[in-house]
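Next come two complexes, and both contain chain A; in the first it sits with chain B, in the second with chain C.
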Partner chain A sequence: MRGGTIREESPEFGWTDAFDPTGEYLGTAWGMMDQLLIRGLMTYKHVDAAQGGDTPVPDIASAPPTVSADGLTYDFTLKDNVMWSPPLSRAVTADDFLYAFQRINDKKLVAQYGNYYCGVIKGMDCAAKDDNQPISGIKVTDPTHISFTLDQPTGDLLYRLSMPATKAVPVEVRGCFPNPGDYGVDLISSGPYMILGQDKLNLSSCSTIKPISGYNVDKGMTMVRNPNWSAATDDTRAAYADGVQIKINSNVDDSFNALENGDLDVVQGTPPVAVLQDFETNPDFAGWLHADQGDRTWYVTMNLLAPPFDDIHVRNAVNLALDKAGIRKAYGGDLRGTLATSVEPPTVLPQSTQINPFSANTGSGNATAAMDEMKMSRYDTNHNGVCDDGPVCQNILFLGRSTDPWPNMNQVAVASLKPILPGLDLKEVDTSTGYTTLQQVKKLIPISMVPGWGKDYASPYGFDFFIFDSAGIACTAAVNYSLVGMTEAQATECGVKPEYDAYVQNNGPMPSVDDKMKECVAKPADQVDACFAELDTYLMTVAVPWAPWLWATQFTSTNLKTVVSYQFDQNAGIISYVNTSVNNGLTPQNVA
Partner chain B sequence: MSQVQQTEPTLEVLAPLESGVEAVQGRTPWQLFYTRFKRDRIALFAAGVVLLLIALALLAPAFARFVVHRGPNDLNQGYTSDISVPLLGPSKIAWFGVDALGRDIFIRTLYGARTSLLIAILATGISIVVGIALGLMAGFVGGKLDTFISRLIDIVLSLPLLLLAIGIGAARIVRGQTLSLREREFVEAARATGYGNIHIMFREILPNMVASIIVVATLLIPQNILFEAALSFLAVGVPAGTPSWGGMLSDATNGALYRIAWWMLFFPGMFLVMTTLAFNLLGDGLRDALDPRAGR
Partner chain C sequence: MLRYIIRRLLWVVLVLVVIVAITYSIFFLLPGGGSDAIANRFAGKQPNPEIVAEVKQQFGLDKPIYVQFYIFTRNLFLGDQYGWPGLGKSFVLRAPLKQVLVERMWVTIQLAVGAAVVWLLVGIPIGILSALRPRSIWDRAAMTFALIGISMPVFFIGPLALYVFVYKWHILPGSGYSPIGEDGLWQWFNHFILPWCVLALLYAAFYARLSRANLLDVMGEDYMRTARAKGLNERQVIVKHGLRSSLTPLVTVFGLDLAGLLAGAVITETVFNLPGLGQYAVRSVFSLDLYAILDVTIIAAFFVTLANLVVDIVYAFLDPRVRYT
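Now for the complex of A and B:
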């Protein structure tokens, strides 16, 4: 059904780079951009996993690229009739794609996942002085042809070319947004929608470009139809609704009340437990709650340099003792996902379900097996299955989230680990502080349940790279929290050399997957998964940086009185706005 | 020489003797206080509630071990639904029901009393000590020091509610009392006898403020209980896992659970209200008994 407006509320946008596609690293933003606003060479179908939602398909590219025999050159032909929205109103060209890559390569714009292109595409190093520097590995022969030459074969390049930073950016704005995030308030649309008021932009010079009226990061965003979009050019976006309005409301209870009262059509995220119970037990709300595969893993991370977790037997024991089922129950029950046995969700790496080295823990924790493992640790001096080696085993910081429902989940986790680690000391902080703290390598946070990890794209490399490669260890912004693969140079730079030396002395070289990662990513596409299955097996049996506990789903609540058909965007991990329809007959209102 | 300045006549007219001569008997201020206090039934009841709460708090470990046979952090997820909704309300198994982790709310409430009372009494003690030190110095020394401390008090009191502000409030009361007492004859007498400032402050003036300080302390305790509860409710109070009434109220509101499990909100809330009310009534009763002329 066409028409109407999808009305949603969200506690916050939470952007990492102010909605600028070049740097933005928030999955929700990626989904909104890719579905609604900007188009690229490749995209996804914006449907769930069962319908192939994790597979890249051509978007502005008229067909999949022609790949050279050596796997180093990709040639794309573009559709010639995909138009920019007003006031630009011209066809998207190959130069607009080249400009997107020049922005990624601009050092000042800090492309937050630039590693997927820099060092991969010839001539890209993410260190250019501005957004107007040539890239030797990208050739534009005419407005509808562009080719990429790589430094080495990269089996998952098409996934990388589906990401928002690679979507076309009009060359008319070159030089107008020299700082990270600036372009986010003036995003020019090539997709089926545009931000309300975008057609009023004055693009005659950089100084005349003012923020678009339909977007305010603290209030919301309203998107209306892009009159220049043509369904004939777009196989993946039905664009049923006339608009989408997302209003910021920090009161989640209030948003769900509005949903139940028919004042909203969609609320994403976890409902309050009382509402969840309504959805599960009240026939009036049957079908309102959707739990889709989230392509993300929740885990307990352990720091390889922080005693007692520098001993693999302790890390193994944690995997055996952790009450994953109890944590999931406190998180909202079975609908929250599948108990994890390995690092990558099966939607990203199907072999993951076969990787289960801690099968003695069937979900609820196995204290006996955990204590047997702990007995082999050097920190269990009397071999009774309990960490008891003096101060190392006392006051062990366990960092957890303080926001509902995490305090209850923390309690379950800590209670299940206490038999082997009675000295755990739970400290709860808000999520942002938790991540910031973990990212400081020198803090050496021993164990934490704060982080979760979702794919960047649905190939195993897009999940594993930053979180397990040594490239993910930056002294003040690490995402490889367990420090797998840390080099001696990194340890020195980050001020943890004594701990690094102690690890090496007690255990031998740091476990690393850097080389295996390079090997896997260079494999032909049909061999990538098998290679990553080997890598993940190594992680779970030799490195053991995590105790993964959930392959999580994503909750979306819809008012079925107004939402006629619901669809999930598997790649983005959010509702598929473009393939969901409503019957409320409303015209989009400015919520910004 | 130590002297307690009387704020009330120490002589009371007793019943006429058979001889028809009225006998006059002296009483100490504390005897007078006791006589007045025991006539105040509300204050007596409040004192009884406070004593009962203290007893329950002290006996919480015994209740856990010998009565309910579980500790405040013992989880029992068997008492919760598959989405962690508490299934067990007030019952023989759990007198006050259980929370979202199946923890016994009765024993957590008792342990919460320990947390609340301990923090409140400690915070009040610190507040009073700080208040006495600043107030005495400002009121007794006067001059620039008084101006400095008074402005400091004003600044702190103008800030949003902070623990510091509670202690500063006590300082203001002590300063006012000191300003009044330092002009009294017994202070002049002590000075004439040759005693120094420290002696006069702590041996002459301070003992004459004991009644006021007791009342202030009694009224500070419920404020501090509420303050601790508010901090715990906002998850910035006691360490994670430590039972506290504020934390339990927060548990009840998380996920709007109170809509299903009313007991999670009711029992800690009832104890919180009961405790603060009892301390406030006790404070009022003490003030009336110690200084009947003081207005409320």
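Now for the complex of A and C:
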């Protein structure tokens, strides 16, 4: 059904780079940009996983690229009739794509995931002095042809070319936005919608470009149809609604009241407890709550350098003892997701469900199996299945989140681990402090349930890289919290050399997936998943840095009186604005 | 008096500098803070040393903390590239903070002043009425109101009021800010009336109790008896002699209360989705937006110290016994 305006409220936008596609790292922003505003060589279908929502498909590219036999060159042909919105109103060309990569390569613009391109595409190092430097690995032969030459084969390149930083940016704005985030208030549209007031932009010079009126980071964003967009050029966006309005409301309860009252169509995220109960039990709200697979894993992380978790038997025992079902129940029940058996959600790596080395734990924890495993640990001196080796087994810090409902979840987790680790000492901190504490390698936090992890893009490398590669270990900003693959040099730099040496002395070389990661990502596209299934099996059986407990869902609440058809965008992890229709009869202008 | 005011203004400057120093220390010395933590927050998922260094340089976090402190303080008083006062640039919005804070301050001023008018108009008359009819039904009803008002926090009464007036009875529009220049006077008033009343309830109750107690004290003073003995009618006795003395202490409290609110009514702004300073302060703390936090803190300190000064000066006019040299 065409028409109407999708009305949504959110507590805040929460951008990481002011909505500038070159640097922005917030998943919600990626989804909004990709669906609504900017088009790239590749995109996704903007549908759920069952309909192939995590598979890249051509967007402005007229077809999948031609790939050379050695896997190093990708040639794209562009559709010649995809138009920029007013006031630009010209066709998107290959130069606009080249410019997007020049922005990524500009050191000052701090492309927050530039590593997916720099060191991958020849001539890109993310250290260029400005956004006008040539890139030897990108060739524009004419307005509809662009080719990429890589330093090494990269089987998931098409996923990377679906990310917002690679979407076309008009060359007319070159040099106008030299600071990170600046372009976010003047984003020029090639998608089915544009920000209200964008057609009034004066692009005659950099100094005449003023922020678009329909976007205020404190108030919200109103998007209206881009009159130059043509459905004939776009296979993935139905664009049913005439507009989308996202308003900022700091009061979440108020937003859900407005939803129930018919003043809103959509609220994303977890509803307050009372609302959640209402949606689950009140027949009036049947079908209002959607729980879609969120391409995200919740896990307990264990530090390989922190005794007793430097012993694999202890880490195995944790996996066997952890009461995943109990934690999920405390988290909100079955709707929150599927109990995880390995690191990657099956939507990212379909083989994940087959990787289950701790099958003795069917969900609620298996204390007997865990104690049998613990008996093999050097920290169980009397082999009774309990960690008892003096100070190592006492006061073991278990770091958890302090905000609801996590304290209850922490209690369930710790209680299930106490039979093997009676010395666990639960400390709860706010989420932000939890992350910054874990990120500091020298703190050697032994075990924690603070972090969760989601994909950057829906190929396994986009999930695994930062969290398991040694590149994810920076002394004060590590995201590889368990320190898998830490090198001796990193240990020295981060001040944990004695612990590193002790690990190597007791266990042999530090388990690492660095080489396997490189091997997998260099595979042809159709072999990537199988390779990563081997990598993940290694992680779950040899390295064992995690006890994964949930492949989490994403909640979206819709008012079924106005939302005629709902669709989820699997890749973006948010509602598919472009494939959802409403019947509220409103125009974006009169909503605004 | 002039020397006194100048001296106090210099104290305001000193207080602001000290507060900036304390806030800086908190964000740089406490666990989870520091230049690295702030830069990491804005350097992406894999903040390699080069990116972190670039972010630090762009945010001015690459210098020693005392140099950063000096630059910030200097800019604050002398101005920066965005004008005077130099409030810096938001790490999150990537925009100069001056305009952001001015817009938000204007919302907060409207909320605080409107609420103050409500609580003065409600609280003081109730207190006076109570004091003039002690132990009467009016007195007991008024004090019951005061007890309820003081006991009901904004985070409870606010959502309740929204639910009843907006979603049940549909007599008021939803939450949010409706600028008078864009949506007209009526919409503006309709959006503010609920937050004004909710915010004012607590203060009105408090002011009712305070004014009642003060007036009861004053009514027993010798000079009140003298005024009656001189033949003044009861109205003149109360208005000219009673109220003036009994309400003077309220000036002190009012000044500080209003100043506190001008620094941001955090809960009210959050509940009613008013984009004011309080709401912004909370958001900035969670996102480690250092200069935004510093600026809001400074604005709060400025209002409180300024209010103290104004109260002291006004006091001198209201109470002839108070003189400053």
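Going forward, the second predicted complex is superposed on the first by the 588 of 592 C-alpha atoms of A that agree within 3 Å, B and C clash if a C-alpha of one lies under 4 Å from a C-alpha of the other, contacts with A are read in each partner's own complex, and residues count from 1 in each chain.
Here, a contact is a pair of C-beta atoms (placed from the backbone, for glycine too) under 8 Å apart; a residue touches a chain by one contact, two chains touch by 3 or more.
In this text the structure is predicted, and so the values were computed from the model without any measurement.
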*Partner chain(s) touched by A:D253 [first = chain B, second = chain C, both, neither]*: both
_Touched partner set for A:V217, first chain B, second chain C, both or neither_ = second
_Which partner chains sit in contact with A:G181 here, chain B, chain C, both or neither? Use first/second/both/neither._
second
_Contacts for A:A474 in the overlay, against chain B (first) and chain C (second): which applies, first, second, both or neither?_
second
_For A:P405, using the defined touch cut-off, is the partner it touches chain B, chain C, both, or neither? Pick first, second, both or neither._
first
*asked:* Between chain B and chain C, whom does A:Q439 touch in the aligned arrangement: first, second, both, or neither?
replied: second
*Would you sort A:F466 into first (chain B), second (chain C), both or neither based on which partner it touches?*
second
*On the superposed three-chain arrangement, identify whether chain B or chain C touches more chain A residues.*
C
_On the A-aligned overlay, A:V591 touches which partner chain: chain B = first, chain C = second, or both, or neither?_
neither
*Answer with first, second, both or neither: which of chain B and chain C does A:L539 touch in the superposed model?*
neither
*Could you list which residues of chain A make contact with chain B in one structure and with chain C in the other?*
253
*asked:* Could you list, by residue number, the parts of chain B that touch chain A in their complex?
replied: 73, 75, 77, 80-85, 100-101, 235, 239-241, 251, 254-257, 259-260
*chain A to chain C touching residues, read off their complex*: 12, 14-18, 20, 23, 25, 107-108, 110-115, 126-127, 179-182, 184, 217-219, 247-251, 253-254, 257-258, 260-261, 263, 432-433, 436-437, 439, 456, 466, 471-472, 474, 476-477, 479
_chain B partner contacts - residues on chain A that touch it in the complex_ = 253, 272-277, 280, 326, 329-335, 400, 402-405, 407-408, 410-412, 414-415, 426-428
*Spell out the part of chain C that touches chain A in their complex, as residue ranges.*
31-32, 36-37, 40, 42-52, 54-55, 58, 92-95, 100, 103-104, 159, 162-163, 166-167, 174-176, 269-273, 275, 279-280, 283, 286-288
